[in-house]
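Both of the next two complexes hold chain A, though its partner changes from chain B to chain C.
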Partner chain A sequence: MLALVISHLLVALLLPPVAMRHTRAAYLVAALPPAAALCWALAHAAAVLAGDQPVERVTWSATLGLEFVFRLDTLALVMTLLVSGIGVLVLLYSRWYFETPSGDAKRSAPLLLAFAGAMFGLVLADHLLTLYIFWELTTICSFLLVGQSGVSRESRRASLQALLVTTLGGLVMLLGFIVLGETSGTYRISRLAAEPPTGSAAAIATGLILVGAFTKSAQVPFHNWLPAAMVAPTPISAYLHAASMVKAGVFLIGRLTPVLSEVSYLPVVTAVFGLVTMFVGGWRALREYDLKLLLAYGTISQLGFLMVLAGSGSYTGELALAGMLLAHGAFKATLFLVIGIVDHQTGTRDIRELSGVGRRLPWVATVAALAAMSMAGVPPMIGFVAKEAAFEAYLGAGPAVAVEVGLVLGSVLTVAYTARLLVGGFASKRDTMPTEVHPPPVGMLLPPAVTALLCLALGVAYPVTDELAATYAERAVGHSGEYHLGLWHGFNLPLALSLITLLGGLALAAYNAGLNRLRDRLPSPLDAQRGYERVMGSLERLAVGVTGRVQVGSLPTYLGIILLTVLAVPGSVLLIRVTPIEQLRWWDNVLQLPLALVILIAAAGVVRATRRITAVLLVGVIGYAIGGMFIVGGGPDLALTQFLVETLTLIAFVLVLRRLPARFTETPSSRRVRLPKVLISLAGGVFVGFAALIFSSARDTPSAVSREYLEHAEEGTSATNVVNAIIIDFRAFDTVGELSVLAVAATGVASLVLSARSARRRKHARSDWESLSTAGRAPGERGGKGRT
Partner chain B sequence: MTDSRASDGQGEAAEGAWFHSDAPAERWLLSGYSRDPRERTILLELVARVVFPTVIVFSVYLLFAGHYRSGGGFSGGLVAGQAFVLRYLAGGRLDDSSTVSMRPPVLIGIGLTTAVLTGLVPVLFGGVVLESASFTFAVPLLGKIKVVSSLFLDIGVYLLILGVVLDLLRTLGSGIEADIAAPGGGPR
Partner chain C sequence: MNTVNLTMAIVLGGLYATGFYLLLQRSLMRVLLGIVILGHGANLLLQLAGGSQAGRPPMLGDAPIERMADPLPQAMALTAIVITFALTTFLLALAYRAWQLLGHDEVQDDVEDRRIRRLEAELAEADEETERELDSEATR
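And then the complex of A and B:
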């Protein structure tokens, strides 16, 4: 399994050069790994349904207990069929959709494949952390696919919004995973399911995980990133934002149903949020004129439906969930791909401009109609079968009635916007000119035709669907039930509800135009998009405020803050815990006396200095004298480093001093803060002095660690220089860390200096570039281009 | 590491000194050089050129000796960097032989990559990250030579430190100098 996941990512990594030359071939190559995954899943399907689940475990860091665990169970099988099956079709479709070898086309092939790999890993994961890694990988792929080249402001904003919202949810979810894993002692989902955690820890973890699931599956109030993400090319929207990625949240709840079975509030919360989402999505879909946005809001509505079912925790509910997952994947992918064809062949997706498309493109319209029937829940489609099961699941008394009513209302909206989609996209309208249409290539129509037929096939061949769904539902809730997915259960309440839904929806669609006029006049007090923008705006203002107050740009202030912190935190500890200073003596070696005298005199000189260069040189004298102290004290390594660093510091100072005034400047304001400056620096000096005394008297024998180092340096690292052995062997990890810090710091400083310089240079170049041309300058420098 | 042109110059000059001791050994000084004579210190220029290779060799010695005596990648890198600092101080930014042909950030990156790879290589042989091993070779004439794998980490440190110093020279040294030389370039 890991090999399959990695093959996705590996091919994606190798694909960009191919995509540069042969963009269309790249999509065909990209379709291979998902096709392999699909075949593999189908080959194991019989075994999985019989209860034999392939498991793979790869430990990549035994000491930290980190591993990748994959398991193909029934839910994973269902999701793999969706992810890999639709992945293959979308990639084949993309080959026709992206016609000219544009940048989008070259970028999307590897990214779509990488996404398919991440999604495949996500559905197979049997380890919370494995799941999290793939979860975030899908987020990153989504960000890149929505943002594309990042040229347009709209796509940049949409991709950033999707990234921020889903990553926020992902991080909260990770927190929940950690709570769950740490309290139960295992991160393996199958083990957690065997012994469901109880108590407050599980309750808290559930709340945190729900945030992740809600953001990813675009539940209210996080739903708005999904319509915004519709700026992406249609195949990407079809794959990521309809068929697979947005289902990850629902999938997660379904995956964790057995784990969280002891958490009583889970069904309530998912039902409330799911129903609100279902309603809001459906309501907004009825207003949209852009077919793709209409579908996006429809997706939100359906995700709400799925969320209700995922949290139901009942056998029939889970049965309906599995059926609905398959149904939604099939019909939503079909519809998106069909809308893509319409958009591609007519150049518009606006309901108000399209007319007579159905007559010109009868096959496209047929495919769309099949999928729409499934979405609306018309027999004999899988959508109908699944919806029947959902209605059946909430038959009963008490709170179930409220959910049932909510589901029926939401489904009425679904039928209404389905009708709006079909009529708006394909019907001939009296007052609109027939749209000019070019017939699509067959290859482009084939993928949606396959999925549309699946909508029909899964419904007609309902025993197959039922076996798949029943196996999942039984594992999820731990027992089996009476109900089976099917087309005919006799005259009963769910059938009546289905009928009401269809008729009500059609009626709503008929009166929708009038309703829309009314709706426009209604105030919209809560707008999720405006809320998101307000949050982001205040975050930016906060950042500017904090930065402006903390980064005042004054070196004395920074130094003062650092010194005060040192005095407050370790300094106060020093005062509270009175440590006796033992073994105090004046000197160890007589040579220390003259060196100390040099240091004192130089330090006094620094304070008195009025010229900058004098001060810098005197600081250098102090540094060298301290290096001398190290030699006297018997630390040649330390002394060598001290001398070298001191020299370099001195030179850097001198180099910078060329740009500074020769003397220290004194302004009235600096004179006013003189006393606080003196006090703080005196206190700092006293603290450091005492700390040095106390620390050096605290240890009179070498510590256990030092002894270990001294003993093992020779045999362990074959080094006779223990200092070096510590740096590059015992504590090599620290060294590598420090190296990276140094690299980042040096590069950052250099970039700051260079960018400030080039900005200044540009200013001069603008003001008088005449004189610039006469100035002698080295070749290869930026200003050189001013030469005329 | 050293500039090939510089060592060529050294070779030629040495040759010249050997066979034609009266010929002007111009290569010891910077040629085609337009610095203000008042700012030029010929003695320092000459000393810098004479001392430079020695200092570089010394820095390499420090790098290898670190395992047994004082030294190591850090001090070696600093010494090598200061050899370049010396040349800059003597020749200014127009002494283009003092700039290594490699850009400092590249050098920093190579150093960091070397260090990280040294840490990861043991994993390939089933060890743990940053594990070290020592190998002993018998080299003719030199006898037995022991190489410790952590030496590569030290080489990474050396290169990175050298890169940092060169970056410092590029930005604070020649950068500021070019700034001052530019019209309206501030004090001095």
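And then the complex of A and C:
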């Protein structure tokens, strides 16, 4: 499995150079890995249905418990058939669809293949983090495929919206995964399914995961990125935004059904959101004139339907889900590809401009009709079979009735927009000129024809479909049921509901024009697109507001804030934990008093100094006095170093001061600015003084390390000066580090000073030259030119 | 035994207060002097932390081990002194270069940040205006 996933990504990586030269051949090459995956899945189908599940594990960090785990179970098999099967067909179709020299064509082949690989990995993943990685890979592929070259503003906005919405959901979902994995102790989905987590952690994780599933599967209120993404070329919309990627959310809920079986609110939430999505999508689809947008809203509606089924948690519901996943993949891919052909051959997708296409392209229309029948739920198509099962799943009393009514109403809308699509796209209209059409190449019609026949075949050969779906449903809910997918269950309520749906939908389609006039008059207070734009706008506004207030750009303000934080946080802790300071005394050595006086007076002098040299000299005084303190405190080495360094520092300062003005040039700040600075600095000083008292009183014995050094200095290093022994022997590497700091600083100083000098020299040379030439004494080229 | 005495605590407070105040100034030279003074304060603090009242240098043979100053903080302070020196000269070179290139040695506000502040002010004004308009419409 891993080899197959990697082969997708590897070929995608090697494909761009091929696509640059032989774009059409690149699509054929790109179709190979998905074809291999499809064959592999079919070869294992019998074994998987019998209960044997191939597993592959690659551990990439054993200590962190991170691993790639792939498992081919029934759900993965269903999804692989969809992802790889439709992938192959879409890639073959793309060979004809794209204009060959275009950049889109060259870009899309490797990206589509990479997407197929990511999707393949996603459906096989048996580890939450593996799943997350592939989940986000599909998002990135979608961003690149929608955005394409990024030239048009519309595609940039659409791709960004898709990216932002789905990654937001993805991040929230990751949080849910982590909650789930950490509380249960494993990220393996199969292990989690064996012992479903319970309690509030599982409930919270479910809520977070649902956000991810809802954004990816375009559920209300996150649905609007999907119609926006329709700016992508049609094969991409067909593959990513109809057949595979948008199903990832539904797939995830189906995948986690056994894991989340203890979470009681899951079916309710998915039913509510799913039904609302089903309505909103269907309602909007009835209003669209662009065939592709109509289909996009149809997809949203169908995703809502799938979401209801995925969350149902009942045997029949899961059975219907598996059937519906296959059905939707097949008919939606067909319809998108057909719309692509119509668009490609006529140059328009607008219902108001198309007329008589069906008569001119009878085969295309037949293919579309087959798929549309499946979408509307007409027997003997797979769509009918799956919808019957869905109606069956919600037979019963109580809240189930509400869901059943919702599903029927949603399906009525589905039938209505299906009719609108067929009539609008292919019928001859009296008041419209017949559209000019060129017949499509056979290769372009073949892929949708295959999927359309699949709609029929899966329905007619329902025992095969049922075996697949029933195995999945049984494993998902843990027990089997009596219901089976089939074309005929006798005269029962689901059949009646199917009939009502069809008739109601046709009636609605017939009166849709009048309804549209009514709809236009209704106010639409809740527009998801406007909501998204408003959120993004206020986010940007907030960013400017926060940056404008926080980033004032003044260094003193920043430093002041840092100091205040120090005072507020460690300072308040210091105040709260006042332990009595023992052995408080004024001095240890009388000599400390005069030195302290010198230091304090010099410090006050530095603050008040207006001449640079005064300030520098006073700082030198402080340095020497501190050297004195070192002597008094028992650190002769320290004192020596301090005197030496202080002298060197003074020399360096004086060298620089030669070139600077004698006085500080900054404009004296006003009292209003100065006072807070004084107060903050004084508070900082008090804080440090107190901290020194308290910290040093907490330390009653010299550290064990120091003792070791004292005891072993003589035998270890044959030195009697222990400080020396530490610096040169015990901690010699620290000293090496210190030396390198010195070397780096010296290099920096040298380069700064020398570059300044050479710049000055160049400047001098140029000005000398110019003065010479303007005076006309030098017979230089410049002077000569100046005269002529 | 190791508590810093009051005089030294006052000296430390004074050094840090001076250092902080200079750090908050606009002149690069003053900021640099602030850093130097803060360095002095820190070194002194390190050395004092090793026990201030022993007064006996850590030289073997001069005194029993129990009465010696703690050598470890001294070694650290020694390293710190040298590194402060390196830092000081480097900053000094930077300040000098800034003087050469810009003709002054003042720390100025960040231009980009100022631009964002102006944008924020404009946006806030625009927001208020639209609100006022909405209000007046509502009253009408």
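Operating definition for what follows: the second predicted complex is superposed on the first by the 568 of 788 C-alpha atoms of A that agree within 3 Å, B and C clash if a C-alpha of one lies under 4 Å from a C-alpha of the other, contacts with A are read in each partner's own complex, and residues count from 1 in each chain.
By definition in this document, a contact is a pair of C-beta atoms (placed from the backbone, for glycine too) under 8 Å apart; a residue touches a chain by one contact, two chains touch by 3 or more.
Being a predicted model, the structure only gives us computed values, none of them experimental.
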### Query
When the two structures are overlaid on chain A, which partner does A:E482 contact: first (chain B), second (chain C), both, or neither?
neither
### Message
Tell me which touches more residues of chain A here: chain C or chain B.
### Response
C
### Task
Mind working out whether A:L600 is in touch with chain B, chain C, both or neither, as first, second, both or neither?
second
### Query
When the two structures are overlaid on chain A, which partner does A:R658 contact: first (chain B), second (chain C), both, or neither?
first
### Query
Touch check for A:N721: first (chain B), second (chain C), both, or neither?
both
### Message
In the overlaid three-chain picture, which partner chain does A:T647 touch, first (chain B) or second (chain C), both, or neither?
### Response
first
### Task
Identify the partner contact of A:D734: answer first if only chain B is touched, second if only chain C is, both if each is, neither if none is.
second
### Message
With both complexes overlaid on chain A, does A:L742 touch chain B (first), chain C (second), both or neither?
### Response
both
### Query
Looking at the overlay, what does A:L754 touch: chain B (first), chain C (second), both, or neither?
first
### Query
So, does A:D637 touch the first partner chain B, the second partner chain C, both, or neither?
both
### Query
Do any residues of chain A touch both chain B and chain C, and if so, which are they?
636-637, 641, 645, 648, 652, 656, 659-660, 720-721, 723, 725, 727, 735, 742, 746, 749, 753
### Summary
Residue set of chain C touching chain A in the complex reads 1-18, 20-27, 29-30, 33, 36-37, 40-41, 43-45, 47-61, 65, 68-72, 74-75, 77-79, 81-90, 92-97, 99-100, 104-107, 109-114, 116-117, 119-121, 123-124
#### Entry: Contacting residues of chain B [partner chain A, same complex]
34, 66-75, 78-79, 81-82, 85, 89, 93-94, 96, 104-105, 108-109, 111-112, 115-116, 119, 128-130, 132, 134, 146, 148, 150-151, 153-154, 156-157, 160-161, 163-165, 167-168, 170-173, 175-184, 186-188
### Message
Using the touch definition from the top, list the residues of chain A that touch chain B in their complex.
### Response
63, 636-637, 640-641, 644-645, 647-648, 651-652, 655-656, 658-661, 717-721, 723-725, 727-729, 732-733, 735-736, 739-740, 742-743, 746-747, 749-750, 753-754, 757, 760-761, 764, 767-768, 771-772, 775-778, 781, 783
#### Entry: In the complex, chain A residues that touch chain C
541, 544-545, 547-549, 551-556, 559-560, 563, 581-589, 592-593, 596, 599-600, 603-604, 606-607, 612, 615-616, 619, 622-623, 626, 629-630, 632-638, 641-642, 645, 648-649, 652-653, 656, 659-660, 664-666, 669, 677-678, 680-682, 684-686, 688-690, 692-693, 695-697, 699-703, 705-707, 709-711, 713-714, 720-723, 725-727, 731, 734-735, 738, 741-742, 744-746, 748-749, 752-753, 755-756, 759
